[in-house]
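The two complexes that follow have chain A in common; it is paired with chain B in the first and with chain C in the second.
On to the complex of A and B.
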C-alpha cells in the first residue's frame, strides 16, 4: 500500500520475544514477598437460600489468615458491567453454582484449599429455574426483584405479514445455539497489594482496567483514586475477562489482611464461575421472491442470560441488530427476550450475539437458495447491504462497508468455482474404497458492528512521550489479550514518526500511567485506539517542530519528521529527536483522542452501530458416514476489515477465529444438568486440537474507512462468526441433512443418517410455498 | 518433606519439598521459573510441557518423588540449545505467538519432536503437538514455525 514503511508490513510482534523466552510475566506468574493465597468458596447449589455461614473452624486452621464473608464487604457488594446485580460475596441467596459465598486467605494455596472444606454453610434449596421458557411464565420463581426478564426488544419495519403473503418461498426453522466456554489458556488470576499510602494496586487479567477501578470502588466503597489497575497482558480473553472475575476478591483480601495476595482460579472453577457464550433459541421465518430478493423476515429470540445480568442485555441488542445478516429485508418483525435462569453465567464472547444470530440467518439463506435452486453466494449477493442503504432495524450504512466484495471474491475462488469436482474427490481420491466419506462445501457471510454502539461512551486516547535518547514511550490503556494490537498500534506510531518499531516502548493497560482508552472488546481497538495513536503521533511531531523551530531558525510549518529527526523543508538542516529532547522546555508529549462515530438516534442500549466490518468464508468438510465424524479440510476467509495494518495479525485472527468456529459447530458445549456443570475440564470440554486445524487461506478485502488509522477498521469478531453456519451448510451439502442444533457431534450425525432422530435427509419440513 | 536433587537447564538444583508436589509448582514457585505455564493442572492442555531426560512431559503430572537425578529443560533454557533457539526465532517470525500463554509448552513439544524427527511431515507435526492446546492461533502459524525451524536446521 501507498509507499508506507510500517503499515501493511509483516512485522513480528513487539512482545513475541518475551513470550518465547518465558520472560513475559502474566498475571498468574506474579508473586510478592509475604504473599498469601486467596480461594473462593463457591455455592453448593444452583439456587438456594443461605441460612448460615460458619467460618470458625476454617479460621482456626493454622496458616489461615482470613475468612471473609459478605459481612466484611463495605460497599454495595455488587458488580456487573451493565447493571450491578451480582454479589461479590452472597448474603442470603445463591443463584448459580459459581456464586461466591466466602473468601479465604492463607499462607499457602494448599492451606487455602483445605480451609474451604472447613467452612460450614447451611442452605435451603429453592426451586430451580433451568429453562429459559419457564422463566417467562407468570408463575415462575423470580430470580431477581424486577422479575426474570433481563431485557426485551421488539421492532417492526414494513409489514411482515404482507411480505410473507407476497413471498414465493418461505422457510421457517428454530435454531438452538449452545453455551460455549472461552477456554482461554490462562485462567483468571492476579495479585493485589496495599501500599502504606493506602493505594491498592491490583495486577490482574482483564479487558478494561479503568472500569475495574469503578467496579472495585463501588462494591467495596474504596476511593477510586486510591486504586490502580495494571493489566497489560493476559493469556487469552475473547470477552471472557471483560466482566469482573478475580478483581474485587483480590482487592477485598488485600484491604482486609494488608498482605499482598494472589488468586488464580483452577480450570474447574473457571468453567463453573465464568461468563459464557449465551445459549440462544432463535426461530426464524424468512420469505423470498422467485428472483431471490428477500421480502419478509420474522425472528423470535430467547436468550438464556444465566444468574446475573453482566452483558446479557447488550448481547440481546446485538442478536437483534444482526438478525437479518448483512442483507436488506423490507419487512421485518423481531422480538427478543433475555432472561435470568440458574444456568451458570453468560456474557461477552467474541461475536457478542451477532454470532448466534448469524448461525440462524446463514442457515436460512442456504435453505432459501436450495429451495429456489439458486447459487447460495448468488442469493447472498442479491441482497447485500451497500453503503447508503437503510437496513436491519432501521439504521443507515454510512461508513465504508464491502460485504458485496467479500462475496464476489469468494465466488471467484477456486474452492467455490471448482466445488463440484472437489466434492467428488472424497476420501482423498481413494475412490470406491472410501465411499463412506462424503464431502460438502458451505459458505456463510456475516457482519458486525465495531465499538460499543449508540449511547455508550466510546472513545480512545493515546499519549506518546519523547524520551531523552530520542526514542518514544507510547502509553495506551487497552489490553494485549493476544490479538496483536500493541504491535499494530506501534506500527501506526512508527509510520507517522518515521522511526523503527524498536524505538517505541509500549506501556499498556495501567490506570496509573495510561489514559482511559475504553474497552478491549467489540472489535474497536485497532480502529479507535489506532486513530487516537495516529493523532497522538501527529501531535508529538507538531510539538517537536515547535520546539526545534527556534534553534533551527526555520518556521515550524516548514519542518517535517523524517528518519528520527525533524528536517527543514530544503532537507539541509536537521535535528535528531534526541537533540530535540535535550532542548530546554520540559518533556514533550503528544496526545490523541478519538470518539467512535455514533448514530443520531438510539434504539436501545448500544443500538445501533455505525461502523461495521464483514466477512465471507468458504469451508470444505468431509463427513465420515460410518463414524459420524466431520473433518474441516479447508477454509477460506475474506474479511472486510479496512486497510490491513499487519497481515500476520489479520491472518492470525482469522485462523484462530476459524478454529474457534469449528469448535462451536462441532465439539464445544458447556453441558448443564439441573443447573450444574457436567464438563469442567479440558478432557470433557473439547476444544479443537492440532488435528482439527484445517488448511486456511485468508484474503482480506481492504475497503478503507476514512475515520480509521490509514483506513483501518477492525477484524476480531467477524473472523469467527461465519465458520459455524458455513460448516452447517457444508454438512447439508455433504449428506443432505440440515442440523439446527450445535454442536453437530458424531452421535447426532450417525443417528440422523440412521433415521433415528428428528433430522432427515432432504428435510423440507417447515418449508412452505408462499400463497 | 524430602530433598531432591536434579538438573534444570544445565544447573544442579536441590529442593526440599513434599514428595507429592508437582515439578510444575517446584519450577514456578521454588525456582522462580515462571516461563512454564499452567493451563489445567491435569495433563490436559500441554501448557506445562518441559523436557525430562529429553522427553516431553506434562510437568503438572510429574511429582517430586520421581525427580532425583533427572535432567529437566524448560523454556528458559531453550535459547542455549540449537534446536530450541531456532524454534524460538521461527515462532517469532512466523507469527505463531498471540497471547503466548501456550507457547512455552508448544516450544518444548516441538523441541522434542525435532530432536527425534528433524524433517517432520505435516502429519508428524500435528501428532507431535497434539497434546498442546492453543486457543488463539488456530495452529496454522505454529505448524509454519515448526516447518521453518526444521528447514533452517537442515541447512
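On to the complex of A and C.
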C-alpha cells in the first residue's frame, strides 16, 4: 500500500465549484420552454373508499391543461421496488394521506394548485388501521388482498431457553423507535419531456435511474427503450428517493399533454407522501454469563410499514440480520413482523433497519455491562465477530472486518480513558446554570451490510472513454446525492490512469449514456462502482497500450501508463494520451464491471450480506436536569470502512451521520394522529442545526478488503447508526435513567426525573462547584 | 395562490392616509416574516398589503431623559447590536438575540413582533417586564397603550384598523437593576419559544424592589406574573427564595399541550427558567 497520488488524498469535490457558484442544476432548478406545472391531489383521508372523482370543474379553469386520474393510466398503474402494490393514481381506495388521487397539469404552479381545489372526490371513510399490533389481529381490517403482513421472519440458532437458563444476568426491555423524515434539502422534483421520436426524457431526483425506467414502463405501459432517465445530481436523498416519487407522474403528464412538465413537491407534500424511517417496536431479552460472554438472545420486532410495501420487507430483513449487533450469540431466537397500516409510508432510510436494531441491541449491551459491573467497551470487545466466524442467524464473516479494532481504538481514546475526569467536569465555565448539568459518556458499536444482499442483482459497471485531447470521459450510472462518490470514483480512475482529476469529465446517472451500475443505496457505490471504475481504467490503459504498441515499436506488455502518456519500459519513448487518441482505429473505450460477492445461501430477500463494515462511537453529553435539555458536546467515530479513498469524504459522511443520529435520538419524529401527519413543516419537524452539532473527531480504521478498489469497503450508513444508542447510553451515564423510546425530549427527561422540578428536589443547594 | 395588490408608503403620513381610507381592507407588512408565512399557509388572506418598510422615521433607537424609544421598524438585529439597549435594557437584547436566525433577525421588526400578538413572541415578555408603552398613530391622532394591554388573545389586539404602531418606549433600567430573558425552544436557535420568562428588578440594599415578571408561551397572550413578582419583592436572593417564586410562576402559568411541548413541562419550566435566570444574574455578584 501507499505511494498513491490520488487515493487517500484530501481532494476537494469535483462538483463543489459548480454547486457553490450555482451553475450546477439540481432537478428543482430545471425548466423548459412551454413547460407546464404538475400538481398531485393527495387523499383527504388516511383510509377510504373513493366513490367518485369529478374533474369537470377543474378542467374548465383557464390555464389547466390536463386533469388526469387512474382512467388515464395505461399500464399496471402500480409501482413499488420490492412488490408493486402502490397505485400511481388511486382507483377506488386510498390507504394513506399521501395517496395520489388525481394529477393536474397547468400553465402555472398557482393555477395547478387552484385546480386541485376544484376536483370533487367523494369518499366513504373506512376503518382506520393505525396500530401495527392491531394489524396482526385476526379480525383486523385488511389493507391489501394478501392481508396485513408485508413480511415475516423467524429464526432460531442453538437453544435460547437453555441459554437463558445458564445465564448469570438477563436483561429484557422493549424499545420503540419513531418514524423519521429524511429532511433532505431538496424536495422531490423533476422535469419530463416527450420528443417527436416518442422518447420520453425524465430529468429528476432519484437513487436508481435504471429502475425508474422499469417502474415507469410497467406502470404506464410505455416501451422502456423509449424512456431515458437523467438523474446525476440530487439534493440529498438518504434513501428517501430510492422509491419512485415524482417520476411516474412526470412521465404520465408529459405523455398525455405532450408538453414539458415540471413537478416540485412542497415540503408539506413531501412530509405526507414520502417514505420515512420505519417505526419499529423491538423487544429484546439478552442473557450473559458472569465472564461477559453473551449466551442467549431473544428478539421480537414489529415494524410499521405504512400503506404500501416499498422496501418494508427488505428493511425487516436487515432488522433481523443486525439484531445481535456485531456480536457472537450462540443461542438465538428472532421473530420479526412487518405490517401494513394507514400510518403514512415507510421505506429506505440510511441504515435500513440496522439502525433500529442497533438502538435496541446497543442499549442492551450497556444494561448488561452495568449489571455485570464491566467496562461497556470491554463487554463489547469480549463478544465481537471476527473474520471466519459464523454469527447471527448463521451468516459467515469471510471478508475483511475490523470491529475489534474500532473498539480497541475507542478504548485508547482520551475521551474514554479519561472519562471519569471529563464527566466530573460537568458544566465547566457555563456560569451559574452549571450546577444542574450532568455529564455522561456513552458508546455504541454497530455494523452494517454493504450492498443489496443475497439474491438481488448487485453489480456495477463503468466505461471510460479517451477524448481527443487526451482527457477522459467517465460514465457511471450511480447518482451523486451529496455523498461525494463522483469525486471518489474519479480518484480511482485518476490513480490508475495517472492523470490529474481535472482531466476526467464525469457523466453520471443517465440511462442514455451510462451503463446500469445498480442502486445508489446500501453503502455500495464506493465499493462496487469503485471496483468497476478501477477495472474500466485498467481496461482503458490496456487498450491504449495495444493501440500505441505499433507506432511506438514496442510490445504492449512492455508499456505502462504514466503522466498522461503511455511510456516504454526503458522510459525513453512515450506517446501522450492525446497522440494515442489521434491514431487511427476509432474511439478507445475501457469497460469494467463488478458483482458484489454474495453468500452461498439465501435466508430471505437480500438476507444475508457477505460484505460488512462497522463503527464504534463515543459521545459526551451534558444533561440539564433543570430543563431536561441534552447537549451533545463531543463525538468520536472509528469507522471500519476499508481503505479511505478520500478523507474529506469519510469525515463528511461521519459528521453528517452523527448529526443525523443526534436528530434521531433527541429531536426528530413524524407525529401522526389517526393516520394524519401533525408536523408537516420544518418549524415543527425539528432537525438539529449547527448549534446542536458537537465537536466531531473521525478516526478511520483502515482494514483493506481485497475485492474493493484499493481495499475500500463502505461507510455511508454505518456512520449514523451508533450515534442514537450511544446518546441513550450517555444519558443513562449522566442521570441514571434509561430511555427506551426516542426521541428523548426535554419533556420526557423532566417527567422521568422523579416528577419533581430540580429546584424542588433541593438541587439548588449543596452544589459542588468551586472544588 | 392569489395575486395581492401592494402599496408602498414612503412616509408615515402616506401610510396613515392609506389606512384611514382602507382600514381593514389592507394589511400592514413590515419585515414580512409573519405576514408571508401566514398568507402562504392561508391562515390569513389579505387582498392588499401596505408595505411600511420604507418609512425611515420609524427606524431609530433613541434615549432621552431616561426614556428609551424604539421605532416600529427597528429590526431584532439592530436591537441586539444597539449600545443603548445593551446598557439600558439588557433583557431586551437577550430576547432579540434569540429570535429566529440572522436572516430572520435582519428582517423581523419589533413592531411586527408586537402587532402579530403571538403568545410566543420573544420580545414581548421583555417589553412587558420593562412596562413598555406602545404608540399607535392614526389620522385621528396618537394614543399610548401599555404593552401588557395591547394583545387580547392570539393574533387579537386593541389596534384599530386605521392605526399603525409607530414606537415602543420604556424607562431605561436604572444602574442598580438586574434583568434577564430566558427561554426554551425545541432547539437552541431558530425555533419557536416553548416558554419564556422575562424578569427585571432593582436591588436596594441587596433586596429586590420593583420586581416585574412576564411569562411567554404559557397562556393565550404573554402575561404578567404578579404573584411571582410579589414572592420576590423585598427579598434577598437565595436559591430558596427563587424556588418559592418559581412555584408561584408555575401556578400563574396556564400552558397548553401542543406539538411543541406539554402543558406540564411548560408550567414547570416557567418556574425553572426563573430559577435559572436568577441564578445567572444574582450569583457571582458577591
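Quick notes
Throughout what follows, the second predicted complex is superposed on the first by the 748 of 771 C-alpha atoms of A that agree within 3 Å, B and C clash if a C-alpha of one lies under 4 Å from a C-alpha of the other, contacts with A are read in each partner's own complex, and residues count from 1 in each chain.
Criterion: a residue touches a chain if its C-beta (ideal position, glycine included) is under 8 Å from a C-beta of that chain, and two chains touch if they have at least 3 such contacts.
Keep in mind it's a predicted model, so treat the numbers as computed, not measured.
Looking at the shared chain after the overlay, A:228 reaches neither chain B nor chain C.
Residue contacts after overlaying the shared chain place A:538 against neither chain B nor chain C.
Contacts of A:683 after superposition: both chain B and chain C are touched. When both complexes are overlaid on chain A, the residue A:750 reaches chain C alone and has no touch with chain B.
Looking at the shared chain after the overlay, A:671 reaches chain C, while chain B stays out of its contact range.
In the superposition on chain A, A:691 makes contact with both chain B and chain C.
Comparing chain B with chain C, the partner in contact with more residues of chain A is B. By the document's definition of touching, of the two partners only chain B reaches A:649; chain C does not.
Residue overlap on chain A between its contacts with chain B in one complex and with chain C in the other: 683, 689, 691.
The touching residues of chain C, counted against chain A in their complex, run 1, 184, 186-192, 239-240, 242-243, 246-247, 250, 259-262, 264-265, 268-269, 271-273, 275-276, 279-280, 282-284.
Residues 28-29, 33-42, 44-45, 47, 74-76, 78-79, 87-88, 91-93, 95, 97-104, 107, 125-126, 129-130, 132-143 of chain B are the ones that touch chain A when the two sit in their complex.
Only residues 10, 12-13, 15-17, 19-26, 28-29, 31, 182-187, 233-238, 266-267, 480-484, 648-649, 651-652, 654-660, 681-683, 687, 689-691, 693, 695-696 of chain A touch chain B when the two sit together in their complex.
By the touch criterion given at the top, residues 109-110, 113-114, 431-433, 435-436, 626-629, 667, 671, 678-679, 683-684, 686, 688-689, 691-692, 746-747, 750-751, 757-760, 764-765 of chain A touch chain C in their complex.
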